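Provided herewith is a single structure, encoded as structure tokens, for subsequent inquiry.
For clarity, chains are labelled A, B, C and D in written order, and residue numbers in each chain start from 1.
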Amino acid sequence: MTNSWTDIRNTDLVVIMGGNAAEAHPCGFKWVTEAKANRGAKLIVVDPRFTRSASVADFYAPIRQGSDIAFLLGVMNYCIKNDKVQWDYVKAFTNAAFIVKDGFEYKDGLFTGYDETKRDYDKSTWNYVIGDDGFAVIDDTLTNPRCVWNLLKAHISVYTPEMVERICGTPKEKFLKVAEMISECSTPTKTMTSMYALGWTQHSKGSQNIRSMAMLQLVLGNIGVRGGGMNALRGHSNIQGLTDVGLMSNLLPGYMTLPNEKEVDFDTYMSTRGFKPLRPNQMSYWQNYRKFFVSFLKTMWGAAATPENHFAYDWLPKLDVPGYDVLRAFELMNQGKMTGYICQGFNPLLAAPNRTKLTASLSKLKFLVTMDPLDTETSRFWENHGEFNDVDSSQIQTEVYQLPSTCFAEDEGSLTNSGRWLQWHWPGGTAPGEAKTDNWIMAQIYTRLRDLYRKEGGAFPDPIVNLDWSYADPGEPTAEELAKELNGKALAPVMDPTDPTKVVVEAGKLVPSFAALRDDGSTTSGCWIYSGCFNENGNNMARRDTSDPDETGAYLKWAFSWPVNRRILYNRASADLNGKAWDPSRKLIEWDGQKWSGYDVPDIAPTAKPQDVGPFIMNAEGVSRFFVVGMMRDGPFPSHYEPFESPVTNLIAPKIRGNPVARVFKGDFAQFAEPASQEFPYAATSYRLTEHFHYWTKHVWVNAVLQPEFFVEISEELAKEKGIVKGGWVRVWSKRGSIKAKAVVTKRIKPLICDGKPVHVVGIPLHWGFTGAAKKGFGPNSLTPFVGDANIETPEYKAFLVNIEPIAGPVA
Amino acid sequence: MFPPVPNPTTQPVPPKFGDQDLIRRSASTVTPPAQRQTEVAKLIDVSKCIGCKACQSACIEWNDTHPEIGINTGVYDNPHDLTPDMFTLMRFTEWENPETNNLEWLIRKDGCMHCEDPGCLKACPAPGAIVQYSNGIVDFIHENCIGCGYCIKGCPFNIPRISQVTHTAYKCTLCSDRIAVGQGPACAKACPTQAIVFGTKDEMKEHAAGRITDLKSRGFANAGLYDPPGVGGTHVMYVLHHADKPEIYAGLPNNPRISPIVEAWKGVTKYAGLAVIGFAAAAGFMHYLVAGPNRVSEEDEEAAEKLTGEEPRP
Amino acid sequence: MSTDYDVEKGDSVHPGKPVTVDRYTAGARVNHWITAISLVLLALSGLALFHPRLFFLTGLFGGGPLTRIIHPWIGVLLFFSFFGLFLRFWKANLWKREDGTWLARIRDVLTGHEERLPEVGKYNAGQKFVFWSMSALIIVLITTGLIIWDQYFSVFTTIEQKRWAVLIHAIAAICAISVWIIHVYAAIWVRGTIRAMTRGSVTGGWAWRHHRKWLRELVGKASKGKSTPAE
Amino acid sequence: MNMELSRRQFLAATGAGVASTALGAFGFGEIEAAHAEAIRAFKLVNTTETRNTCPYCSVACGIIMYSKGDLKKGEKAEIVHIEGDTDHPTNRGTLCPKGAALLDFVKAETRLKYPMVRKPGSDKFERISWNDALDRIARLMKDDRDGNFVQKNNDGVTVNRWTTTGFLAASATTNETAFATYKVVRSAGMLVFDNQARV
């Protein structure tokens, strides 16, 4: 979230699309109802199903899953055509005026440089024209046909209301109503917020779904302001934190990236991370990368990380592929290329796609270790549970360790919520049986491994035996010790750069924030963006002061928000080019002639003159991007692609199937149903129900009572067609698997008319398995395709094809 | 935002109300308290409800009930009905508004309405099994309940349920134990969107008025408050977007009142009945005084003997 | 001879001083008293749940819950035991011509001027009224009773039906109790009656006075029994 | 906020209700007795409060756990009730149907209590001591790492990677646990490393 949950109260229009906040985040959704009640805010819900969010919406429009980009670019097209643009914002705070290199173009659904065999682009033409001064060339008049704005206009002109109706199945008048309501927020005094979740991410073009809305928000001038922003409603309590701390194959903490094997040494690595500003005066904050990187290495290997060995740069593993995400992991297992797998929490057997493949993969492991408070399906993948897990234990040679861990109630530490608040929690209960904290388990595994290497030596022991593990009790580091490591400390006195005689931080003291980090090895910080969470002022994550001047919803003294306790990212953009709030009634920070100040921690150097320095300080441009350089694999602009399994062919580019650069493993392609398949005619989607949380609450008696049994949802029309009765049993099958479920026949799902052809939607909730209190059931992952988003590999759970038929209930 | 329900105290505090505040007690007469307590009420704003069932969850946890795990019958309502272990229930209705042709998903939290004139209490034959406090709370006292099920027949809203285990009647207590220490009901505290709020009945009406204005501004011309006069008003009220047709909300009764049959049974029959019985007895007694016993005479005996062919006595 | 349908099994005359007439067999008496006792218990437990002022009566049954549990079971017992009586007595309780006249002269009945009444069989119209009204009321009571026996039968009827049932049950019970009072009073008022249900026999005089037609039939039967002397 | 005010008035009024009658006909003890019969005793009296946050979604609602026994005093603590923390700016004491049932998560039948091992080909879990389990796991890891660790790639570039054992991080562990985990996993050179961000 760029903003916070409590900030949603400041909005005028909430658009819930690609999510279902009322069901998945009810207590955050409270702030939507507050905005409605107190500001007369409106709520729009766009979803294939009439969800619980829709039940309290002012306007609901149906959409076919997997066609969000067409819808959003359609809205953007509507805004631009009707001059519903916050011009001052667009001109000053975006790269609309930047001139794009000649050669770049978009044709037949592809951008310049596509290589079909590699399923990848040569992105060399996706760039700005760089002038002699080394800065990007811009045209403030936006007249140059090669400026981003004009390219964008041309790119989205195809998404007319008629085209949107044909692709999305959203009736034209409903689409226009939504577009009109949204376009009203282009005035500086009206703000829209976007609340989305896995409904946008779990597609083969998930990242571009989100970019589309982000771009629309820029057109409307809604990024960085109160009641605006792009608000990703993260699914799990600390998935934000685990990502911040970099627990992904290609990440270092704080969104730094792991070297790949082309970055043969420290300097090569840093050379691609210089982030020289693309416009004069811009902060381009990533210029400090080296400080954060070195401080991280010092945290890892302490004294062993020296300038001589480039702070142990070589001890970091180097990637040979973009990433070893969970999908690749199971692919490797399946190829027999993996020996062991350790699951700390998580329940991949139900969470990852194509369950048949998952079981086969796990069965090829030598060993599997699970750590969990609950009895997960993954830890019992080898156990036969009839049709719910039909395996032959004797044929599975995997050695499995099921380790009992404590749960939240027995554990101490901080979680980072969707609004980037790090909140500390305290243990209140005694753990059951011999359950142990994750810290204890990890420490026990590490110390044993380290001691084995000390004793026996072995393959390159250095990074293991030299890891800084100086905790009071090496067998179980405390949460406080680790929190201080994340924050970072000074190993030597840290001097003021402007006055080398002035000590900023005494040696041995915790650093106040990442501003004090240095690249000479004199500081540590496990995760630079968390720096400030636990400094000499104490544990800022444990703060509980609820004061909120003028009820802005900032709560600056409650817990700690990264970075540096900032509550709304890009908040400098809440003020105009002269530093005055776009909307005086929603002032956030303002420029008083000397400095920035207000209700939030300014997201800009406090003394940076508003006319000189752009608000998007993390970008080399200093402004936000309609046209993105480099980062996106599937294009600098979003464009509509169908899901890999789609009930219709791509109307914009009939030859293109799925996302042209999404990674598909050999063999998996054969497992996709044809577009507009006769064999699998129905468009399925998976989702959560409000009564349950993922695969946890089926273990919870009360929630099992509230939603006891696995079901699928279909329209009355489809039920009639297929002779399916409400509450009767059905079989649903895809090209990859088959499941049995009860049928919920509802008016809340209606067939969509896409390009004249009716598309039936089959909804499949995901909460059931074969352990726990609830009735045994299946999950959508028995059906879903093994393909992910082109940029971050989020599996395509929200749009795939199935068939359905009524069946007699299972015996017993 | 409406002031949230405060956190519970862990200190012992004297209850804010108790038996001294009873205004009604089943099958018995009470001397009403000198001063009636401020009437409390729970307001359920159906237009704000997202049907998340947090109220059901909180209710189960607070009241330590243990409903059984059922099955899916093709709808979202679970459990399928109120039970002795489920005092409140989300009832889902998919309603196509004929005026707008829009689908409206009406979700109503069902449960005890805490009527000002409680039919359950009126029907109850067991002294003190059902009580009404001066703050409006209608509560079941299980020690006094005999499990006859008369409350079920008395209730205009079909709320009480008899446990097949304890054979006593159960329903929402409005969390009397929480309110007694200055808390709000568990459901009201939990409700994510504050579709359930709790306070004095006047506060609730005031709050409802604001909500109704907002709803009217959003095109719900018939938005209104459900506080049925037929039962003297209730201490659980609804804000409905279509107050003109409460029945579309999973059969919420339009102008509910205690069934005239129950009124007759617990009214005239009760008194007339005893009168009749008394009269019968009295009549017999009077007759005896007037007519005296009907004795068999000697002549009768002789006649009988003669008939049976015996010689008459000399 | 077709006029003896008034005579029930076991009725017979024993000449002597005084004449005794067997009126009720042991079986009939046991059956009657079972019915009588259950009726009384039902009345007490029923009234306890009917009117708050009488709730204290639940004490007799070990408290409210037990009263609630016992009452319907006694009801079932009563039903079957009364059914037994019905089978024994229904024939003799069929309506006759003289019953009309008897009823028309109810004033003489009440004032004890039986000489002005027609001769009646084993049961007079009053007793027949008690018999038939009880039969009807017990049918009503058992049916409505089952409907409101929630522990076992709640699922079979709607609440509205239960409401009617409970009201009708109450009214029927009141009638039954009233009829029962009449029954008992009559037995007390008409001396020499109670021994019919205790010892099983009445005196000839009692039969002559109150059920002369029945007596004649019995005698007739008896004489038919012995060889008639030639005249 | 005037609502707030009238709310306090209401609480005061109800308080007064008791007072006025309490001082009247009844003695206070009697009230207590009567009350005990009528209204359920407040079940949180004399329990210990602990602040925590809901472990489910990322709204991170504040919760209060009520326990018999106090961990801070080194006692054994049994959690008896959990409800929303009204002081929390985001949830203001409210909870969703999952959060409101957290107690049943803490006390779930299927909470794991002991380390278990499932031997190759076996159809059941067996108890195992922590020591044996951890020693064995460390051994399995080391043997695999020693066997498959890649120090240099074909071009002779130092890559120091280990891709034959993978680690799947959770979604609800603390940031502190996350960092401890990060250190262990990365120092071993593991690359097959992911979390639940995507599902």
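Simple rule for what comes next: a residue touches a chain if its C-beta (ideal position, glycine included) is under 8 Å from a C-beta of that chain, and two chains touch if they have at least 3 such contacts.
Keep in mind it's a predicted model, so treat the numbers as computed, not measured.
Engineer: What is the minimum number of touch steps required to go from chain A to chain C?
Structural biologist: Counted as steps through touching chains, the separation is 2.
Engineer: Please list the single chain whose C-alpha centre lies closest to the global protein C-alpha centre.
Structural biologist: Of all chains shown, the one whose C-alpha centre lies nearest the global C-alpha mean is D.
Engineer: From chain A, which chain is the farthest off, judged by mean CA positions?
Structural biologist: C
Engineer: Using mean CA coordinates as chain centres, what's the chain C-chain D distance in Å?
Structural biologist: 73
Engineer: Where the CA atoms of chain A average out and where those of chain B average out, how many Å apart are those spots?
Structural biologist: Going by mean C-alpha positions, chain A sits 50 Å from chain B.
Engineer: Quick one: chain B and chain C, Cα centre-to-centre, how many Å?
Structural biologist: The answer is 41 Å.
Engineer: Among the residues of chain A, pick out those that touch two or more other chains and give their numbers.
Structural biologist: 26-27, 30, 690-691, 701-703, 706, 773
Engineer: What positions in chain D touch 2 or more of the other chains?
Structural biologist: Answer for chain D, listing residues that touch two or more other chains: 48, 82, 87, 91-92, 94-101, 104.
Engineer: Would you mind giving me the full set of chain pairs in touch?
Structural biologist: A-B, A-D, B-C, B-D
Engineer: Tell me, which parts of chain C touch chain B in their complex?
Structural biologist: Chain C reaches chain B through residues 13, 15-19, 48-52, 55, 58, 63-65, 67-68, 110-112, 114, 148, 150-151, 154, 159-160, 162-164, 166-167, 170-171, 173-175, 177-178, 181-182, 185, 188-192, 203-209, 215-216, 219, 222-223.
Engineer: Taking the touch rule as given, give the residues of chain D at its contact with chain A in the complex, in rising order.
Structural biologist: Chain D reaches chain A through residues 48, 50-62, 65, 67, 69, 71, 76-79, 82, 87, 89-92, 94-102, 104-106, 108-125, 128, 130, 133-142, 144-149, 151, 153, 155, 157-199.
Engineer: Over in the complex, which chain B residues touch chain A? Could you list them?
Structural biologist: Against chain A, the touching part of chain B is residues 1, 47-54, 56-57, 60-61, 66-76, 78-79, 86, 94, 96, 102-105, 107, 192-195, 210-211, 214, 217-218.
Engineer: Would you mind writing out the residues of chain A in touch with chain B in their complex?
Structural biologist: Per the touch definition, chain A meets chain B at residues 22-23, 26-27, 29-30, 33-34, 36-38, 40, 50, 52-56, 58, 60, 690-691, 701-711, 725-728, 742-748, 773-775.
Engineer: Considering the complex alone, what residue numbers of chain B touch chain C?
Structural biologist: 27-28, 125-127, 144, 146-150, 152-153, 158, 162, 164, 167, 259, 261-262, 264-265, 269-270, 272-274, 276-277, 279-281, 284, 287-288, 291-305, 307-310
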